Amino acid sequence: MQEVLEKLAVFLSWTMTLVLCLCLSIFLIYLLIKGLPSFGAELIFGKAEPLKVLLGQARVFDGIFPAMVGTFFLVLLSAVLALPVGVCSGIYLAEYASPVMKKLFGSLFDILAGIPSIVIGLFGFSLSIFLHNHFSDRFGPCLLISALSLAVLVIPYIVRSTQMSLEELPSDIRRTALALGATRLQNIAYVLIPNALSGISSGLFLAIGRCAEDTAVILLTGVVATAGVPSSLLSQYEALPFYIYYISSQYSNPAELSNGYGACLVLLGICSVLFMFAYGLKKHLSYRTLYRV
Amino acid sequence: METKDKIIVDGVSFFYSSNRVIDNVNAKFKTHTLTAITGPSGQGKSTLLGMFNGMWNDTPGARCTGEIQIRLGGRWVSPLKKEIPMPLLRRKVAMIFQEPNPLPMSIAKNMAFPLKLAGIRDKNIVQEKVQRALEQSFLWKEVKGRLEESALNLSGGQKQRLCIARALVLEPEILLCDEPTSSLDAKAAGVIEELLVSLKSNCTLLVVSHYMDQVRRIGDQVMALEDQGLKRI
Amino acid sequence: MSNTKEIIARNVFFLSAIASAVMILAILVLMIALGIPLFKAGNFLAIWTGPWAPHKGLYGIWPMISGTLWIALLATALCMPLSLGASFVITSLGGPRLRRMLGTMVRFMTGIPTVIYGFVGIFLLVPLVREGIGGPGMCVLTAGMVLAILISPTMILFVTDSLLAVDLSYVQAAKALGANRVQRLLYVMVPRATGGMAAGIILALGRALGDTLIALMLAGNAIQAPRALLEPARTLTAHVALVKAADFDSLEFRSIFACGIVLYLFATTATVAVRVMLRKREVPT
Amino acid sequence: MKKALFQIFVISSIFSLLVAPCFGEALQDFEGQEGTIKIAGGTAHISVMKEAAKQIMTRYKDIVVTVAGGGSGLGIKQVGEGLVDIGNSGRKPKPEEIEKYKLKMFKWAIDGVGVVVNPANKVQSLTKNQLKDIFSGKIDNWSVLGGVKHAITVYTRDEASGTRAVFWKKALDKENISTKALFVPSNGAMKTAIANDPYAIGYVSVGHMDETVAPVALDGVTPTLDNVKSGQYKIARGLYSNTKSDPSGLTLLFINYLFSSEGQKIALEKGFIPVK
C-alpha cells in the first residue's frame, strides 16, 4: 500500500512537471511563431527612418518606439526615486535598527510588498488628482506620478535585498574596518556597501524588471495609447506593457496585431534579461527578495 | 623597561543573551609586555579580547559588568563606559584576527586604509607611515616592489603580517591578537611569533592562543581562561 | 566633527525607513478617506454584500469580491499540484542536470510579464476553451488556468527553498536507515517543511488575489457573482481598472476605493499568515 | 548639432512653403506653435483623433497631441476638471454637466450605434424585441433565432460609455442588460471582441464597422452610414469634442482643424458623417 502511494507520488510529480514544461513551451513557441515575422526595424520605427527618429527629427506613429522610450524613462525615473530611499532604509534596518524596530519595519515592508499593484496605482491616481486640485492645474496623471507609484511598488525589493546582503556579510568583513578605528558610517561606506554591492544590484535589477513589466500601476497613472516620445515629467506617455494590453483588446488590423506579438517578444526579452541578471548576481538572495523566506 | 600598569581589569563579567560567558575576571597588564592568554576553546578568550576595544558595544544581546581601565596617552579611559568614542579607542587599541583579513584592494590601499579612516590624507605622511609599519612587520622587503598588487595574492603568512602592519600604521599603544597564527603553517607562524615579540618595544600585547608551547615561548606573562575565570599560570 | 556626520547619516537612514513605512499606512488611510462618501451614502453593509447596478444606485462590490475569490482560489488549486510536483522533482526526484535546467526555467518564468500571459491567453486559450469546453471563452476557468501558470514560480521557488532548508542531518539519518530518495522526500523532508510549504501556497494565493491584468483580459468582466467555472466574472482589481474611467465625484467611482480596501486587507492577511507560518517553522520540532 | 537642426529647419521650412498649397489652412495655423494638447474620452472618436494628431505631429515637431480613451463620461469629467484640454463624448453632455463645468460643445460628426455579430453568424437581422430579449438574457441561444446551437455571448460597455448610453436609450428603450454580459472598454475593443468570438453580439459605433464584423439589421434597417444619414436608421448620435469654456491657443486650433475641410475629410474617411 505504502509502496503504491510512493510510486503514485513520483508518477504525479513527473506528470505535473511535464505539464508545466509543456505549458511553458507552448506559450513560448506560440509567441515566437507569431512574433518573429514582425521582428525588425519596422516593428520599432514603423514607416519612419530609424536614424531620423533617433535624432529626434521624425516621429513614429505605427511602431513601438515611443512605447519603448516611455518604458525606458519610466523605469529610469522609478529606479532613481526608489534606489536612494530603498538602500538607505535597508542600511537602517541592517545596521542601526534595534531588534524590535527590525521586526516592526520588516512586517511593514512585507505588507507593502504584498499590496496589489493596482492598489498602488489607485494611490498614485488619487495623489495626482489631489495635486491637481490643490496645487497646480499642470498636475495630472503623468510620467512622474507613474514613476513615483512604481517606486513605491519596488521599494520593498530594494530594502530587502540591501538589508539581506548586508546582514549576510561575514563578521570577518564586518569587524575589519571597525578594528582599524572606522566609525560606523565609514565601515558602511568603505567596506560593507562595496561588499554587499552584488546583492544590492541584484535587488535593483529585480526592481527594474518589475517596473518594466507592470501594467496595472501605469494603467491608472497616466499611460495613454498615443503620446509620442514623452517631452516632460508632467506629460502623458506610452509604455510597452500598456501597448500590448491595448493591442490585445483593440487592434484594428492584422498588422497591428502582429506588432503586438512583436512587442511581447521585445518586452519578454527585456524582462527576462533583467531577471536573469539579478539571479546571476545572487541567486538565493533574489528568491528571497522576490518572495521572502 | 617601564613596569607601569597599562590595563586594569576589575571584576568583569560578560553575558550574551542570558548566558554568562565570563565571570568576575580580575587582571593587570603592564606596559610593553606580551601577555599570552590560553585556555580550552569555547571559554570566551576572543570575547575577552573584544572587551578591550569595545567590539561588543553595539552587539545586541551582549552585556558587560565590572570595569576595565586602559591608560592611553597618560589618561585612564574605560572602554566599557564609552568614555571615549569607539573609533578613537580602536585606533589606539588595535586588533588582529585569527583569519588574516586584508580588504579586497591593493597592498598600498590596505595599508593606507586606516589613515584614510582617521582623516590623514597627506600623501607624504601616508607613504612614510606605511613604509615604517611595513618595515616593523618584516614585510617591506617582500612587498616594496608590488605595492599596487592586490593584497589577496599574498601568501597566508604575508597576509597576516600585512594585517599586523595595517594595524601598526596608526601607532597603537595596545595590540590585541586573537589566535594570530592558528590559520598558518609552522614556518609562517614562527615569523609571526618573532614579529610579535619584537613589537613589545612599541606596544603592549595581548595574545590569545591555544598552543601551550607557543604561549610559553612568547609570553612575559601567561594566563589561562578556565571555568569563566582568568588565572595566572 | 565626524560625530555630526554620523548623526546626520543615522537620521537620514532612519527617516528613509520611516518614509517608506509611512507610505504603507498612507495608502490605506487615503483609500478609507476617499471611500467615506460611499460609506456614508447608503447602507454600509450593502456595499460589501450587494449587487452592482449603478443605474439603480446600487454600488455593491460583492460580485467582484466573489469573482476575485473564485478566480484566485481556482488558480491556487490548479497551481498546487503543478508546483508541488515540480518542487519534488527539483529537490529530490530529478538528476542534477535536470534539476539545474528546471531551476533555470522557473527563474525564467518569474521574469515573464503578466501582460504577455494575458495576450497569449486571449488569442490561444480563449478560443480553445470556447470551442472545446463551451461558454463565452472569457471566464473564470480561463483566467484561473493562466493565473495558475503565472503564480507557479512563486510557489515552486518557495516550496523548493523550504524543502532544501530541512536540516541535512535528518536526511542523512534517513539515508543511513536505508530510505530511498522518494522516502526521504515524503517522510523526512515534506513533514518538516509543511510550514514553509503552506506559506508558499498562501503567498501564491496572495499574488493571485492581487493580479489585475489576467482577470481584466481573460475573465470577461461581467458584473455578476459567478456560479460556475464557465461563467464570466469581474475581479476587484479589474473593477478598479475599469471604473477609474467614471466620474470622480460619483459614488460609482468611490466604489473602487472600497475595492482597494478589500484588496489591501486580503493582501495583508496573506502576508501576516505567511509570517505566522514561517515563525512556526523556526521553532525546532 | 544645433547647426544641423537649424539647417534641417530651414530646409523643411522651404519645403513646407513649396508644398503648402496642398495642406488646408487649418493645419497651417499650427505653424510656429508649440505645446501639448491632451485629449481623452469617447472611444468612437479615437480613430479620427489619432489621424488628426498624426497629421499635426508629423508636420510640427514642437506640438505633442496625446490621445487617450476612457469613455464619454471620463472625457466630460476630465475636461471639466481641467485634466485634459479636450474631452470627447459620444453623447451630448447632460445639462447639469454643461452647467457645472461651463462646457463648450463642438459636434463635428454624426455617428450611429449599430448591433454587430461575428461574420460567421447566420443571424444578421433582428427585431427590436428580440434584441431586448437577447441583451436582457431572455434569449440565450442562437438556435432560438435560427442560428447555430450555441449560447449567445453578450458584450457590453461600461457606464462611462456614450455608445452604451445611446444604445441603451434608443435601442433597448432603457431595458435591462444582463449581468452576465462581458465588458469591453472601448469601441475598438468591442469590434475586436466580436470579430474573435463567433457567438458574440454587441454594439459599436457605425464608424468602427468593417469587414471583420457583420452589422445586424434592426427591424429591417441595416446600420450603415447611408441609412444613418438618411435618417432611416434611428440610433444615431453626434460626436462631440468638449472644452472647458471657450477654447483658446492650441486647443482652439485643434477644434478648428476638426471643422476644416481636412478634418472633416478625416472624419469621413474614418466612417463618420461630417457635419459640414
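Letters A, B, C and D mark the chains as written, and numbering starts fresh at 1 in each.
In the analysis below, a contact is a pair of C-beta atoms (placed from the backbone, for glycine too) under 8 Å apart; a residue touches a chain by one contact, two chains touch by 3 or more.
What you see is a predicted model; the values in this text were computed from it and never measured.
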For chain A and chain D, chains touching each: C
Steps needed, at fewest, to go from chain B to chain D via touching chains: 2
Identity of the most central chain, Cα criterion: A
Chain whose Cα centroid lies at the greatest distance from that of chain D: B
Distance between chain centroids, defined by C-alpha means - chain A, chain B (Å): 47
Whole-Å gap separating chain C and chain D, where each centre is the average of the chain's CA atoms: 37
Distance from the mean Cα position of chain C to that of chain B, given in whole angstrom: 53
Geometric centre distance via CA averages, chain C-chain A, whole Å: 17
For chain B, residues that touch 2 or more chains besides their own: 85, 87
Shared-contact residues (touching 2 or more other chains) in chain D: 81, 184-185
Multi-partner residues of chain C (at least 2 other chains): 2, 122-123, 248
For the chain A and chain B complex, residues of the former touching the latter: 98-99, 172-173, 175-184, 186, 190-191, 195
Contact set on chain D toward chain C in their complex: 70-71, 73-74, 77, 81, 150-151, 153, 158-160, 179-185, 196-197, 199
Chain D residues touching chain A - in the complex, by the definition given at the top: 8, 36, 38, 40, 46-47, 49-50, 53-54, 57-58, 61, 64-69, 81-84, 184-189, 191-193
Residue ranges of chain C in contact with chain D within the complex: 51-55, 63, 122-123, 126-127, 130, 134-138, 220-224, 231-232, 234, 242-243, 245-248, 252
Chain B residues within the chain A interface of the complex: 53, 55, 58, 60, 85-88, 90-91, 94-95, 97, 99, 101, 103-104, 113-114, 116-118, 166-167, 170
